[in-house]
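What follows is chain A paired twice: with chain B in the first complex and chain C in the second.
Our next item is the complex of A and B:
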């Protein structure tokens, strides 16, 4: 039990970062298709099972892995050329390490933190390694010995330097509000209610939220700030000369960076793993009631999903009958889950701590995927900013705005605490 | 024991990368080995529980300043023929290091007699965010503010110099 609880957040980090990449690629394509009024990839299958098109992104990953390792002959600094994608990948992956996936779990008087790294550094750790990620882009662009690549790398560097300032300053106002740098304490703070509204960061600090989300888009080089790889001007930017899995690492790093900033936005501004109005102790004390609600929700949602799926899943594929397989799996899984949950809900077994932990993982995952949806939604809605517009937005608008926000926050916090 | 092994490894990385930084021929090699030096110094901070210093070292030096330096190196686009011909570089390095030896002996002696070398880092909270903040804003508040004014002066000065029309 001890080892499992220590390893669990590490495994979850790998799941949330690496294992979600195929799902994110799939989401990106299907949502892009939805926005552009078409279907997107949905025909690729393994013996008739398509999983709504996820098999397509698995196939793409396989293609990248098994592609020929090609070295452009003009590359002089092979070491830098090779090490650049791994730097981008590693720093994106490391930023994930401090996100709390659930509240601290106390079992037999031992406290287990549900972060991959049990450190109090929180936000600062994220800033440190998000800043290091740009070296991957700089080195990749420089080692490629190519004008397009170096232009892309320079754009990315100037953009990251500019937006990191505004990002740090918007975080400072959040630190003043919460009075801590530990992410878990921030989430605990957000369990309070402010009159009748939950005291989430987005309610307390709307300006900081907007600034942080915009700068997070810029830091991860996502559209509308992806001038670093602007196809219409500089081919593919810093990864023009990269192929096969070397490109694949850049590609995966971008998605992991996006997932990490999404997780940080959820943690700081959207209440993390908390449900509004319900703190962890409330959930643990009323665990039976919570379980009955989950059982009701599971029954209703799987019924609705089955009806929707049987109506729309009408493509005839070779191999197994997909609709039948899914129906069996979903009904079987729902019955199994209900049996397990009612075992605890009837009070026969006792596992409220672990149960609440699993519930908080689920809440965090739902919020995280909502943020992924927002990232993709923005990418396929807004056109790319011109390069000078990006710089102007960063230095002339976001930076003064976040400074003003810090002053206002500091005055309010000091004013509120003055009487005490 | 674990800490000693880690310390030796990190110290070796720091020394080797700083020597490479001084002796490298191309500026980009120097800049990159300087990044490694800074990160391993940050790791040395982490080894004595100075978590805040660790993370600030990475954010400010390794993250912001060095990426500006690399940016400028890329901007200048230095070709290999533009670099100075350093034929006697190794001899110069050897000669200067021999000249410097007595001074470094004095320096090492001073470090060995200093408070931290004799007693070690006794305080568990040394270098955590709360400790650093309290020390800065209570004991050293005047120097801290003076330094920030100095930085502001440098900032305004560089902006005015670059905006000047001749």
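Our next item is the complex of A and C:
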């Protein structure tokens, strides 16, 4: 139990960052398709099982892995050329380490932190590694020895410098509000409510929220700020000379960076793993009721999903009958989950602590995937910002706005503390 | 008179903070997303091997066919070589012989079209003085196991039916 609880956040970090990449690629394609009135990938299958198209992104990853490792002959600094995608990938991956996935779990008077890296310096760690990610892009662009690549790298650099400042300053105003730099304490702070509104960061600091979300888009080089790989002007930007899995690492790094920014936005501004109005203690004390509510929700949602799937899964593939397989799996899983939950609802040992922890993982995951949806939604709505517009927005609007926001926040916080 | 003042956009405060327009755009895309997610049957995508294209008209340049004469159902082609001359891909191979049945003077003994070389430009159809060659079959996919399967000979070309209303040659 001890080892499991210590290893759990590490495993979750790997799951949230690496294992979600195929799902994110699939979401990106499917949401793009549905927004543009298309269908998206729906053919690739393993013996008739398509998982709604997820198999396609698995196939794409396999293709990247098995592709020939190509070395352009003009590249002199092979070490930097090779290490650049690894830096981009690693820094994106490490950013995830400080996100709290659930509240601290207390079992037999031992407190387990649900962070992969049990540190209080969450925000600083995030800023450090989010800023380091662009080093991979710069190094890759420079080592590629290619005009387009270096142009893309320059654009990424200038953009990250401009937006890092506004991002850091908007975070400062959040630090003043919460009075802590520990991410877990920030989430605990957001469990309380003002009058009837939950005290989430988005309610307390709407301007800082907007600034942070906009800068997070720029920081991860995602549309509408993806001028670094602007394919209409500079071929593919910094990864022009990359192929096979070296490109794959850049590609995966972009998605992990997006996931990490999404996780930080959830943690700081959207209440992290908290449900509105319900603190961790409330959940633990009323665990039985919570379980019955979850059971009801599981039954209703799997029924709705089954109905939707039967309507839309119309093209039969060779091999197994997909609709039948899914129906069996979903009904079986729902029944199994209900049996397990009702067994726990009768109450044993630390069931409520562990149960609430699992529930908070689920809440965090739902919020995170909502954020992913927003990232993808924005990408397929907005055209790319022109480069001078990007710079103007960063330096002329977001920077002064975040400075003003800090002053106002500080005045309010000091005033409230003085009043108390 | 004559002066037209074009309205410039993007200078008001609301437009300069972008957010208003961004949320407007996001509303539109979300509408498309939810509508397509709840009912995918309105998506115009054709799932090709299961569903076939519904917009193939007689004017679509498909695989060629040789037409028949209305009077006696014999071949309308008089082996004038106009189509082979007009062909930019040199894919038409004709050998002419004299026609013994008195209907006309000449007819092709061999009329081969190599579909692997054909660019489906339709110049042969335009060049033909007898309306003997047409591309109104509506066939858009030609499948074969080897290269010889793609060389359509006279018998094959005569046997293909068109999808237009005029089945026979319109030449007098």
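To be clear about the criterion, the second predicted complex is superposed on the first by the 416 of 420 C-alpha atoms of A that agree within 3 Å, B and C clash if a C-alpha of one lies under 4 Å from a C-alpha of the other, contacts with A are read in each partner's own complex, and residues count from 1 in each chain.
Rule of thumb we're sticking to: contacts are C-beta pairs under 8 Å (C-beta built on N, C-alpha and C of every residue); 3 or more make two chains touch, one makes a residue touch a chain.
Being a predicted model, the structure only gives us computed values, none of them experimental.
The superposition on chain A brings chain B alongside chain C with room for both.
By the touch criterion defined above, A:312 lies against chain C but remains apart from chain B after alignment on the C-alpha atoms of chain A. Legend: residue contacts after superposition of the two complexes on their common chain; A:142 is shown touching chain B, with no touch to chain C.
Counted by residues of chain A touched, the larger count belongs to B, out of chain B and chain C. Judged by the touch definition given at the top, the superposed model places A:65 against neither chain B nor chain C. Contacts of A:150 after superposition: chain B is touched, whereas chain C is not reached.
In the superposed model, chain B and chain C sit 120 degrees apart as seen from the Cα centre of chain A, a figure rounded to the nearest 10.
After overlaying the two complexes on the shared chain, residue contacts for A:304 are found with neither chain B nor chain C. The minimum CA-CA separation between chain B and chain C in the overlaid arrangement is 26 Å, rounded to the whole angstrom. Within the complex, the chain C residues that touch chain A are 17-19, 22, 25-26, 28-30, 32-33, 36-38, 40, 42-45, 47, 50. Listed in rising order, the residues of chain A touching chain C in the complex are 31, 34-39, 210, 308, 312, 315, 377-378, 380-382, 393, 397. Remark: chain B residues 28, 32, 35, 51-52, 55-56, 58-59, 62-64, 67-68, 70-71, 74-75, 77, 128-129 touch chain A in the complex. Considering their complex, residues 80, 119-121, 124-125, 127-129, 131-132, 134-135, 138-139, 141-142, 150, 153-154, 157-158, 160-161, 164, 181 of chain A touch chain B.
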